[in-house]
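Comments concern the structure below.
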Amino acid sequence: MEINVQYFIGVSAILFGIGLFGIFTRRSPLILLLSVEIMLNSCNLALISFARYNGQTAGQTFALVVMAVAASEVVIGLGLVVATARRKADLDVDHLTTLRH
Amino acid sequence: MTVALIVLPLAFALAIAVLPLDRRLASAAGLLGTLAEVVLAAVALVRFDVGAGMQFVTDDRWIPDFGLAPVRFHVGMDGLGLFMVALTAVGVAAALGASLLAGRDRPRAHVALLLLLESAMVLLFTAQDLVLFYVGWEVMMVALFVLMGVWGGTGRRAATLRFVIYSLLGSLSMLVAIAYIGVRYHTFEVGQVHSGVVWLFLAFAAAFCIKAPMFPLHGWLPAAYRESSIEVTALLSGVVSKAGAYGLLRFCLPMFPGPAHDWRWLFLGLGLAGLLYGSLVAFRQPDARGVVAYSSFAQMNLIIIGIFALNVNGATGAIFQMVNHGVVSLAAFLLIGVLELRVGTSLFRHLGGLANGRPIASTVFLIAALWALAVPGSSLFVSEIYILIGAFQQNEWLGAAAALGIVLAAMYMLRWYSAIAHENDGDSVPASMPDLHLRELAIALPLIAILFVMTAWPYGVMKRITVTTSAAPRVIFVIGSDSR
Amino acid sequence: METLAWICLFAPLAGMAALALLGSRPSREASAWLGTAAAAVAFVAAVGVFVELVGKDPSQRHFAYTAYTWAGSGSFKVGFSIWIDTLSVTEMLIVSGVGSLIVLYSVGYMHGDPKERRFFAYLDLFLFSMLLLVMSSNFVLLLAGWGLVGLSSYLLIGFWHEREAPVDAAKKAFVMNAIGDVGIAIAVFFMVRDLGTTDFGPVFQTAPQHWARGSTDANLVALGLLVGAVAKSAQIPLHTWLPDAMEGPTPVSALIHAATMVTAGVYLVARAHVLFANAPDVLDAVALLGVATLLMAGFIAIVQTDIKRIIAYSTMSQIGYMFTGVGVTAYAAGMYHLLAHAFFKALLFLCAGIVIHALAAEQDVRRMGGLKTVLPRTKVLMWVGVIALIGFFPLSKDEILAAALDDGTTTAWIVWVGGLAGAFLTGVYAVRLMRLTFYGEESEFAREHFHKEGNAEAPWTMFWPCVVLAVGTVLVGFLSLGFGFKNIFADWLSSTVSTIEPTTTDDLITTAISWAFGAAGGVLVWRAYESPERIAATRRRFAAVAPVAENLFYWNWLYERIAYRPAAAVSAFLYRFGERWVAWGSLDVVGGIARAASRAFSEVQTGVVRLYAGLLVVGAAGLAVFFIGKANL
Amino acid sequence: MNVPVNFSAIAPEIVLIVVACVLLAGGVFLPQRLAERLTPILAAGGLLAALVVAAAQYQHAAHWSFDHTLRIDAFGQATRLIVFGSGLLAVCVSWGSSGGIKQRAVEFNALLLTACAGMSLLAVANSFVTLFVALELFSIALYVLVAIDIDSEPSLEGGLKYLIVGSVGAAFILYGAALVYGATGQLEFDRIAAAGGDRHGVLLLAGIAFVIVGLGFKANAAPFHMWTPDAYEGAPTPVTTFMSAATKAVALIVTVRVLSVAFPGQSDVWETGVAAVAVVSFVWGNLAALRQTNVKRMLGYSTVGHTGFLLTAVAANSNLGARALLYYLTVYATMNIGAFAVVAIRERELGRPVEIADFAGWGYRRPLLSISMLLFMLSLAGFPPTGGFIGKLYIFSAAVQNGQTYLAAAGVAATLVGLGYYLKIPFALFDRDAELPAAVPSPGLRLASFATGISAAAVLFLGIVPTPLIDLARTASGSLFG
Amino acid sequence: MPLLIGLPGHLTYDIVFVVATLLAIGSALGVVLARNPFHSSLLLILNLVALATFYLLLQADFLAAAQVIVYAGAVMIMFLFVTAYLGGRGGEPAGDRPWWQFALAAIAAAALVAEVIFAVADQSLTQGPHVADTFGSPNAVGTSFLGRYLLAFEATSILLMVAAVGGVVLGSRRAARRLPGEHSAMEHEVAPHELSVQSRLIGVETGFEVAGTASEGDDG
């Protein structure tokens, strides 16, 4: 079966862009993390598409690794959010400006 | 011999820095070190074989495989290097004496740094490898920065930063040029590079002309000369500035004969401008340091004119002038230092009347002033005349215009001397201030004795320099060797 | 002879060195005598050289001795060498002879001055420098001597440095002389460039071949030397320092600013006559400058009130005569006037010094008057000097004018007419000087001083040198009488420089007119001062032109405006603007930009993490655009 | 499956992981006080062991391992040595810390070891898969390490920022890898090169661009550096010490490896791209550092500026460039560790973040440390006789050799600006007018001083006797560039 | 009648693709636009499912399964927990978000997307090879994972261990100081929950590798 993966890559690119858009516009750290997840998943989609295109499993394996990595990042990210939440009353990333200039 | 000259001060510096000596011992050790260096330099001076080219050579591996070319520990002295080394030895000894007189705090560090400075300067004056030279050049700078930044006056930070930035602007361009030479010519040996690449020439020249400094690259000079402690100012003016002129002679001309010839008018023009500009500005300075500082600036520009006259007379005069002016500006600045120690200022409006009942002081200051203005018959007169002859041979108008510097020098140096010595005692001069003490004289007299000797027999120096031009290309000076 | 010559040169230097090194150890008296002895030794040696030279055949009377190579580069060497010929020996004799007398005079004059020892050291230094100047055998060494006499002059003018005026005068003298040094230096540059040497022998031999007569280079060389000569000899336009130099002690004025140093310009022209002859236009300029100076200085001398300044302007005027002499190629005549002038002008100054010494340093002739009774011997000696000055005897001035008449060129005619006019002026100011100082009513001021002090005229160390100089003045007159008598002096110099031998007719005409003019001037002024009404009438008559002379022909005013003030303004401008805003400020500007950029760059880092990611993406997008742009589509 | 499995290739990593696991497993049973003392020693032992193993394995012959997902060569092995050395010194600096490092000594040291393992793996990675997982391995460890002081707001803030931006950066690497994979069908660098040839396809080039962005992020290259000052300032100083030295080293090494092994055919494009990033880093890092007052933050910006230098060496894409990079990285790691160690000492004396003004007059209180600090600053500014000078000369040579003299010129300008802030510290240290700071005890002074001293000695040694390291760098880069 | 993907007679395939695309993009937009983090989290799950659909279309069966189980099932649960823990504070903070921020963000993101799409559009990716039916099966992926990418596999396991340790460190309450007035009730609950989530996740991921570590974390 022939598959034209161009469209899949297109979707993946759009998802990547949406993830970035989320990162640019949202101030809740949770949603930032969700946006990161969207981006990582869009990468996965690209990898898997190309794996299909190339007819290799390597891309899928890579994607599997990425899933684990994404999960780990979520763990650490959520840990940081929780730890921050304990110390600060509001969770606005725009207010995380103790360190600046 | 050369290695001994480099290592001796370094060894003393390390010993003084490491051993827990008290002030007196540290001072004594420092003096011993510098005087031993003077003796060594004198021995080299005597043993120097006139006309035999590069001597006391040590050529050893340092970084055998740098990737472009081997970096060698290659040192030696020809006529030019010999006198620069001798000047360094004398200069540092005198400066150290002055610093001991002033009693700088943290003497161990201070003495060790002066000795480190000496070692670095000897290295840079003898290095025949570009990278090695650069190391000496920069270590000298580092030692100066620390000396200036720690023991300087109230404005030392700004002055040091300015000095550092100016210096590094030049020396980093030189570093890039050195890298380029390594890439392009596969050698770092000074004698083996002959290039026609203009930007390389300009990059090297930038480093040297900032150090000298050539007009208009002197933005660092006033603050550095005013804010440094006096022995550092004396060394800056007497020895360090000569490193710039030395670099032009040692590197810029031999390595880039073509560009040096093509671009000579840039340097001649700026040198002339600097000579007149410096002289004029010196004339309006409100303080004794300022006058000598700008006079030193003007003199360095004269030396640059001599170098870029690109003929034997100009070069001989320039080299001799480097020695002469080195000694005389050391003397002038160290004398100002003595005065500052007593009076607490070098502002003219607080000075005056030194000659009233202080014959020795007034005579010593007078001699410094007269030699600084190159009174005819003095050794500086000889070197200036040779420079001017060289300039004149290059171009009549240039020689004539540069000769005006003689008049201007008379104007500012006489003003300097009069403001210090003449009329009534200035308001800051302590009542019945005594004449110079023996210790103060001990710093000034050797320098003056050197000036007298060079005045009586300038050829004693000049024949050891023996500048000749190479057969082709013509602008390369062969220094210290009779062979063409 | 060689040994004697070197002794002559170095004896004063040794004297100076001894005085400097001994410091305050010897007594003041001893120091003074040491200084005198050094000068005397030089004189004796000079006489020895002279005697030996006289013994030689006239064609053999030139020798060059080199001690060692003084300076040298690969292409140009300078020997420390001396040149002995009749010209230089003449100068040596004048310098060491008159010098010895004046040093001797100073023993008395400077007695009691706290810096007496230093004074004698300076005098010895001057003698060495002057001897170096006249003995050197190349132009570089000559220039060294040239500068060193300037230095000595500086030191001695500013000897009383507690006051402002001497210090300023000293600086002015030095700087103006430095301008002259530059002139000679430029001539030296030409020689080195074109001839490869500055030794007299080769230069004079080869110069005419290298530089065509009247060519630009020949003119420039001569002009350079002329600038030096003009500055040293206080000729227009570099003359303004000489009157101010009178701030120095009187022996200094006598020695340096009358007898020896200021006439060095004449010596130089005579010495380098080959070069000047090669540049006829410049030689004319020498003569014309001389005429202009002698007239101007004569006018100014008439209205001066300071006894030393009167003599100083007289000196300037007399040197003008010497210039005209050498300018019309009457070298021997010019040198002869130099010799005679050395005696009579030193005499005049020393006598003036006695007057000043007696009046406790008062120098204003208006406060003198009637001193003939208290200083009778000085009066007599001074008359000898004045008679010589006006030109009655010796006939040195007349010889110059006669030579000019003989020459007959336009320039020579101007010289002749101007010189005779100058004779009139000389008569006026010289007699005025005597009239005001010694005659008339005894002034209040003089009376006070003399009754208080009640001292003798002068100590013997001051008096006898004057006598010797007076005798010398008269004797010198016989060296060259003119009117067809054997011209001993010209013959003596003939082996070195040529001269013009005027006819007896020329001599007669010139001397007659000159005497008449001089006498007329003297009589007129004497009569003018006979009553206050008459002097007032004279003043009124010249009210229109007097201010010009009183303001020194506005030279100082001019220099103030065209040289000093612009230089000071430029200097101040460069310091205030150039240094502050360009050399110094440029880095400030760069630093300011860096600081502003630093602010901008660091403030972008607002701490907002979204922005961080945003910039990352912007960078990524930019990089990707660049990369994709490079792709093969 | 016939995959050549060669565990000796990852022996140092195994050592580190085993020690880390031992620490984690044993740490829970240790009482707090004992854990504080014992775990750093164990960690140091582990690092030392790894160092020894890596050194013992050091050989010039390169070989593939794990079916081309690893390439064991001298280049990577040399990098391992830098990483382990940095880790070791960081452990020394951490001794005596308070806060999270002390309370969480077990986790801190275990994470440090795993971070080292990740970096070590990254240094020899030859596949995007290995690269990504190794990168994330140490990144995640570092996110935690930065925020390990969970009582401190800056620490947490730095960690969170690092994580968020870092995830975006990771996404870029990943997307880039995917695009490259799409263009060439390969994930192993050498195979990519073989498949990609010198084609300039859009997909491939876009992929390279994204990979550069992601690696540039790790290497603190501007404009991807924005997290750097915040994380450096917020993180506990020992962590900053480690990050500044090891992360940067390994990130740049892997950049060289990816670019020159996987994309040699596209070097004309990426050399320019890297050069552009280098210039931006020069400008941004040095200028922004000028007005900093917090020492750690200033040094943070300084590392951004230095990335410019290091990327200059990368952009040279040559044997010489790789040598320059390796040499400079070694020196760079040493001087940064030294500088941060001094900062840590002062910090513990003060009990608060160190401002430049806090160093005023300190040179007369602790002269040796201050002289070392002076030496580090001089080295950072590139003065002889420190290693920084030779490194700078090396890098300039590489740039010039590759015809990128403009990069060297930019480096000159950057250094000039850099002087403006580097010298502030010595000025303060040896300010004679300042009051002599009170003598305060500094916990863990000896070990931190030891780290400082080692660094200072190394910086000086590398400047005066550079030959051994130059030889090592030569053989190492020879394994990459032949 | 090639509609979208150019495969004759696979209309179903196309329809599924279009639906999945709409779902994926729509849910992703929802994630980044929703104000309520709960909604975002839930939409992300939807997104993940849509992606899993893509994976199925791309014959990555195992990955599709993993996606649904691990991601949508485990990771997102963790998200929801934390969202719940944070309560209202997890949502978008109040305050205006200027329109230009949106515009700029959209432009930047769109630029990047455009670049990628441009890159892809240029390529002719239609000629994908035929692949075996086993392509993408657990077996194939496992072979690759434990073969060529064995090292990555091992490293991933370490990575997860690190994540676990990190979770312990960051989630630990020992060192934490409480803000005044903050309720501490949740704290005691959340940390173990977090850890249990992690260990569960890890267990799913690797089966055996990090079980010990996870329990260790529990103990800590």
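Think of it as A, B, C, D and E in the order they're written, each chain with its own count starting at 1.
We adopt the following convention: a residue touches a chain if its C-beta (ideal position, glycine included) is under 8 Å from a C-beta of that chain, and two chains touch if they have at least 3 such contacts.
In this text the structure is predicted, and so the values were computed from the model without any measurement.
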| item | value |
| --- | --- |
| Touching subunit B and also subunit C, the following chains | D |
| Mutual neighbours - chains that touch subunit A and subunit C alike | D, E |
| Chain located farthest away, centre of subunit C as origin (C-alpha) | E |
| Chain pair that, of all pairs, has the most C-beta pairs in contact | A-E |
| Chain ID, smallest distance between chain and overall C-alpha centroids | B |
| Computed distance of Cα centres, subunit D from subunit A, in Å | 26 |
| Between subunit D and subunit B, distance of the C-alpha-averaged centres to the nearest whole Å | 43 |
| For subunit C paired with subunit E, centre-to-centre distance based on mean C-alpha positions, whole Å | 102 |
| Subunit A and subunit E: spacing of chain centres that average the CA atoms, whole Å | 7 |
| Interface hub residues of subunit A, defined as touching at least two other chains | 9, 16, 19-20, 23-27, 32-33, 49, 51, 53-54, 58, 61-62, 65, 69, 72-73, 76, 79-81, 83, 87-88, 93-94, 96, 98-101 |
| For subunit E, residues contacting two or more additional chains | 104-105, 108-109, 112, 115-116, 118-120, 122-123, 125, 143, 148-149, 152, 156, 159, 162-163, 166, 169-170, 176-177 |
| Junction residues of subunit C - those touching two or more other chains | 602, 605, 607, 609, 613-614, 617-618, 620, 624, 628, 633 |
| Which pairs of chains touch, using the document's own definition | A-C, A-D, A-E, B-C, B-D, C-D, C-E, D-E |
| Interfacial residue positions of subunit A with respect to subunit E in the complex | 1-11, 13-22, 24-28, 30-31, 33-35, 37-38, 41, 44-45, 48-49, 51-55, 57-58, 60-65, 67-76, 78-83, 85-92, 94-95 |
| Complex contact set, residues of subunit C against subunit E | 614, 617-618, 620-621, 624-625, 628, 633 |
| Touching residues (chain side subunit A, partner subunit D) in the complex | 9, 16, 19-20, 23, 29, 32-33, 36, 39-40, 42-43, 46-47, 49-51, 53-54, 56, 58-59, 61-62, 65-66, 69, 72-73, 76-77, 79-81, 83-84, 87-88, 93, 96, 98-101 |
| Residues of subunit E defined as touching subunit D within the complex | 115-116, 118-120, 122-123, 125, 143, 146-152, 155-156, 158-159, 161-163, 165-166, 168-170, 172, 174-177, 212-213, 216, 219-220 |
| For the subunit C and subunit A complex, residues of the former touching the latter | 602-603, 605-610, 613-614, 617 |
